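Listed next: structures, encoded as structure tokens.
Look for chain A in each of the two complexes below; its partner is chain B in the first and chain C in the second.
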Partner chain A sequence: MKADTTIETTVTGPRTFSMPLGPVHVALEEPVYFHLEVEGETVRKVTLTSGHVHRGMEALAAQRNLIKNVTLTERVCSLCSNSHSFTYCMAVENVLGISIPMRARYLRTMSEEIKRVASHLFNTAIQAHIIGYKSLFMHTMEVREIMQDVKETVYGNRMNISSNCIGGVKCDLTPELFKYILGALDKVEPLVDELREIYATNPLVLGRTKGIGMFPKEDALRLGIVGPVARGSGICKDVRKDSPYAAYPLVDFKVVVKDGACCHTRTQLRFDEIFESISIIRQCCRDTPDGPLVAPMNEIRVAEAVARTEAPRGEVFYYIRTDGTDVPARLKWRVPSYMNWEALPVMMKNCNVADVALITNTIDPCVSCTER
Partner chain B sequence: MTDTLLALLHMCLFPGGVFALAVGFFFKGLDRRVEARLQSRVGPPLVQPWIDIAKLLTKETLIPKTACRQAFLMAPVLGFTGMAVCAAFIPVPGVFNGLFNMGDLLVLFYLLPIPAMAIMVGGSASSSPFGAMGFSREMSLMLAYETPLLMILLTVAMLVGKGLTGGAWGAEFSLLKIVAYQQQTGSFGLNPVMIPALLAYLIFLPGTMGVAPFDIPEAETEIIEGPLLEYGGPLLALFQVTSALKTFVVLGLGVALFFPGTVSDLWLVNLGWFLLKTLALMLLSLTLVKSASGRMRIDQAFRFYVTVPCALALCSLLLVWFV
Partner chain C sequence: MQETIAGNGAVIDAIAPLCTGVNAVRHNSDTFGNGYHWFRLDDPKSMTKAAEPLAKAGARLCMASAYNRRQPADPRQEICYHFELDGAVYNITAPLADEGASVPSITAFFANADWHEREMMELYGVKVSDQPNPRRLFLDERKDKGLLDGAVPLSVMMNGACSKDLWEHILKDKESDKA
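This part shows the complex of A and B:
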């Protein structure tokens, strides 16, 4: 948690007045507080304050055993829930020296990409909601519903799919389920294509998003921004390629990078990433080998390890230290929103009050992840 | 004395007051329902606006400590009074001729911005920064959409004036005469010269009703209802009643200006025909438009209003002037 990140773009004087945005606000999915100094419709100064949903999860993790922590980490956040349990399991496997079976690697990749498609669609839907385009919001959510159905059918849950366990995956996929997933992808792909077209050409959407929330590449490098926000500013950075894990080295996909650096670019980038994800899921459906789902546990030693994965919002990093008991001595994680938070003051420099919520949404902030 | 009583009756029962409110709420309910269907939702029941009012009336009135008390309390009353009077001016062709028959178009033009002003007064009196923001947005938007409205009214008045005086210069600001003239010579909505003005009026409607893409002063996801944020209970109910009356007024005015034709001598049939026309106008210019668009920024909306509808209205005005 970082409290009070402040930018000051011009001297504030009697011409400005202060305006609170949050911590509870219609356009924000999670509580975070923006204190805006406004001159007319222009934001002159932003102070971000967070910490409203701190739940002390890292301390909790140090009181539960390794297996119980899979459930706990899945509940850090709902949209990238799978990424947390996934990365946690990877960290535990690294510390215990377990190598997971091939089938589990593919199934983990699949669940991760299914969550990514749903998460990106959610983010773009919220953008439509923020610019007051209710029909487009409903339309995007309807398309996302297909992916929600996939999660519910395959894993039995719509948000916390609980597919990972230490050493592999919990839930096996039958040939019928593979066929069902392929069918759902065939259904979702043309719809996403149509949505991308709407977001790319609709004059009202373009008028609100193009050139708004500019985020130059130099700033992205300076602040260590990750995920789609960095890729939208022309930085090729993706953990799936940089340090491949699970089945990512075995599937063919490309990292989408765009140069526009504005809200519009980041939305289009998310749509392009959805197509890459769909391609990855298809390859997984085709290539998943037969075999065991879980590797046996090893003895718990005194050791420490890290793991990192690419969540829908960027790099998730887990550190674990064990002391020979089944309760971790320390479990620490860093989420992408923690890094991307720093992008907001740059993006909001002299922006319009109407665009504050819009800009916040394009970094796809996950407040409960960041504050845990 | 009888005239005053009659005028009061018109304001309270028909076409203002009860009738306008019933039509306005029915249209609002239908609007929500149709919009929901267009977005693959079920939508609320048709009586939902009445239920909302009933609920709001049972709640207590909270006034912020820092608010300017009198202005805060008077603002919704101001808006309501303006619209309640306005509704009595609306002629229902073949049923009712309008309350006054001299220059009532001009009076309407002065009364129409009152609800927007009430929102501005209420917003700035509420002492909330969102209210202040909504105030400035409402004011910019109002300036932008009142300009084309003035030109549209002038165009209609001039066309009727020219027709009545046989080609000489003149303008007729009596709604009764405007309606009667059109009933004899054909609706202006079907007159090629007036089509741009009609389009401009259709564009004016979402702006004055504050629906997407022009719901900027009350933008929920930006300034959380802005001027209305601090209002609750009966005061908020009064704002909603005003909005329902305004729906009736602006749609009824549109019908009077562009489609005042009647289909029969029976008043009941004419009333139904009037309601059908207002409904069609609402679905076309409010419901469809708001389901197919997002919100503009205030600078975009301002630029849009002073260019597109102004150009359209000016086009009709010049055509009427010279042709």
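This part shows the complex of A and C:
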């Protein structure tokens, strides 16, 4: 058996008790099992066991053609769904030598940032939920709903927006839709600013998050941590700047980096990133040129390529091998959560048992996409 | 005009002597100008020698991709390690020519190699020598090692597609568990 769902405590040493948490737990969004060694209320050691939602998606990808795999990869993750089809399409474009049209570069950038705003708001809302601050949870989700409406109105779906295709994008935007997005941003921006202030100053939130789940920079470097978790520990890494793609080299934005290294810092960093995303979306609405949406396919050769992007949770990495047929010989991907799980034993060392779920949430974990 | 591909010269110079085959060292870039460097090691055991200069230069291990080769003339399995350094990606392929071949663990240089190595061990049955934590990563211990290493007949794969067959399998497993 993978893990026992019953919570029990057994004596394993003179003062240390063994305590299973999960895989199904009210404060965990997805199934994962923590084996905690606790001394009283203090966690001394954490061992993680996953594998409860392994779907064998990489094996499925090797049985579908390149076009069908766009649909499959969009279903790796719900919150980062667009990042997967985006990076997969980039990997295919790299292996086939396709250069996508400029309009598609801007539209891809815009859809990615719309998803990032919604994803960051979801993560901060869940933090309020775990703390037990239900009204703040509801309010954050209500603000997020504006971005969900944007996705539904522009792309026709609230989660899997199916915007990307090999060579460009499927979904074109009319001038009316650009205007609608700008209006939605004008509405959401002051509300997010208000939320940022609440999360930054409310004593209930601060009491549960400030100085909790410390994650030093040297550990982040040692473990190869990515995304907001790394940037919250003072590491200036962002694929959008380090290896520019789509329209990111053409828009103005800054990489948000903070040194606090605690749960509070990671939350504030996500709020600051939302404002950068809003700025990028506005620039895309203003600067997207007219032109074709898709570049034609090239001949499929025997080749290999990689691609990476910055998803809301951090770097997404894809590797593809083609053997001259339309079915990839190998498609492998690595999601940001895969790298970031290893941060938890460091963050949870000597924390309270009650903070385990809260700390877990600040790495913005996705079990389903980690296990694929 | 000659294209300039971004990369760390010292790292490339340190890894290139480990790759003496035809086209064993390649460099390319994508349409956005990002650099990719590809190395194919002569011997999988020299993976630690390739990892060392990358670790010293401050590279980050992004992923390791194990896969089976389909042509009989090719090595049976290969592992492609992907590292990132200053925005460029370094891909190092270790060919595993025969069934008993192993690749050394690089966890001494990259702590985050642990999960990648455990995953290739459980899904492809790759032998990783000196792996300090050789536990299963995702799959239950009762599942065979190297699930993706080998051909599965379509008839076997389709067993779960028919609801009657599926429930018969579950009941049979349940009975054998009781026994």
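In this text, the second predicted complex is superposed on the first by the 359 of 372 C-alpha atoms of A that agree within 3 Å, B and C clash if a C-alpha of one lies under 4 Å from a C-alpha of the other, contacts with A are read in each partner's own complex, and residues count from 1 in each chain.
The working rule: contacts are C-beta pairs under 8 Å (C-beta built on N, C-alpha and C of every residue); 3 or more make two chains touch, one makes a residue touch a chain.
This structure is a prediction, so every number in the text was calculated from the model and none was measured.
Undergrad: Putting chain B and chain C on the same copy of chain A, do they fit or clash?
TA: fit
Undergrad: Does chain B (first) or chain C (second) touch A:L48, or do both, or does neither?
TA: Once the two structures are laid over each other on A, A:L48 reaches no partner at all.
Undergrad: Is A:E342 contacted by the first partner chain B, the second partner chain C, both or neither?
TA: Only chain C is touched by A:E342; chain B is not.
Undergrad: Let me test your reading of the model: by the given contact rule, A:L136 touches which partner, first (chain B), second (chain C), both or neither?
TA: first
Undergrad: May I ask you to decide whether A:E371 touches chain B, chain C, both, or neither, giving the answer as first, second, both or neither?
TA: Once the two structures are laid over each other on A, A:E371 reaches chain C alone.
Undergrad: Is A:M57 touching the first partner chain B, the second partner chain C, both, or neither of them?
TA: A:M57 sits against neither chain B nor chain C.
Undergrad: Between chain B (first) and chain C (second), which does A:R321 come into contact with in this model arrangement: first, second, both, or neither?
TA: In the superposition, A:R321 touches chain C alone.
Undergrad: How far apart, in Å, are the nearest Cα atoms of chain B and chain C after the overlay?
TA: When the complexes share the chain A frame, the smallest chain B-chain C C-alpha distance is 20 Å.
Undergrad: Please identify the positions on chain A that touch both chain B and chain C, taking each partner from its own complex.
TA: none
Undergrad: Given the complex with chain C, which residues does chain A contribute to the contact?
TA: Per the touch definition, chain A meets chain C at residues 1-2, 50-51, 54, 58-59, 90, 93-94, 98-100, 222-224, 242-245, 249, 304-308, 315, 317, 319, 321, 323, 329-330, 332-334, 338-339, 341-342, 371.
Undergrad: Okay, in this complex, where on chain A does chain B touch?
TA: 17-20, 25-27, 38, 40-41, 128-136, 138-139, 142, 202, 204-205, 207-208, 352-357
Undergrad: Under the stated contact criterion, what part of chain B meets chain A in this complex?
TA: Per the touch definition, chain B meets chain A at residues 35, 38-41, 129-130, 132-133, 136-137, 212-213, 215-216, 219-224, 291-300.
Undergrad: For chain C, which residues are in contact with chain A within the complex?
TA: 30-34, 36, 38, 60-63, 65, 67, 70, 80, 82, 84, 86-89, 91, 110-112, 114-115, 136-140, 147-148
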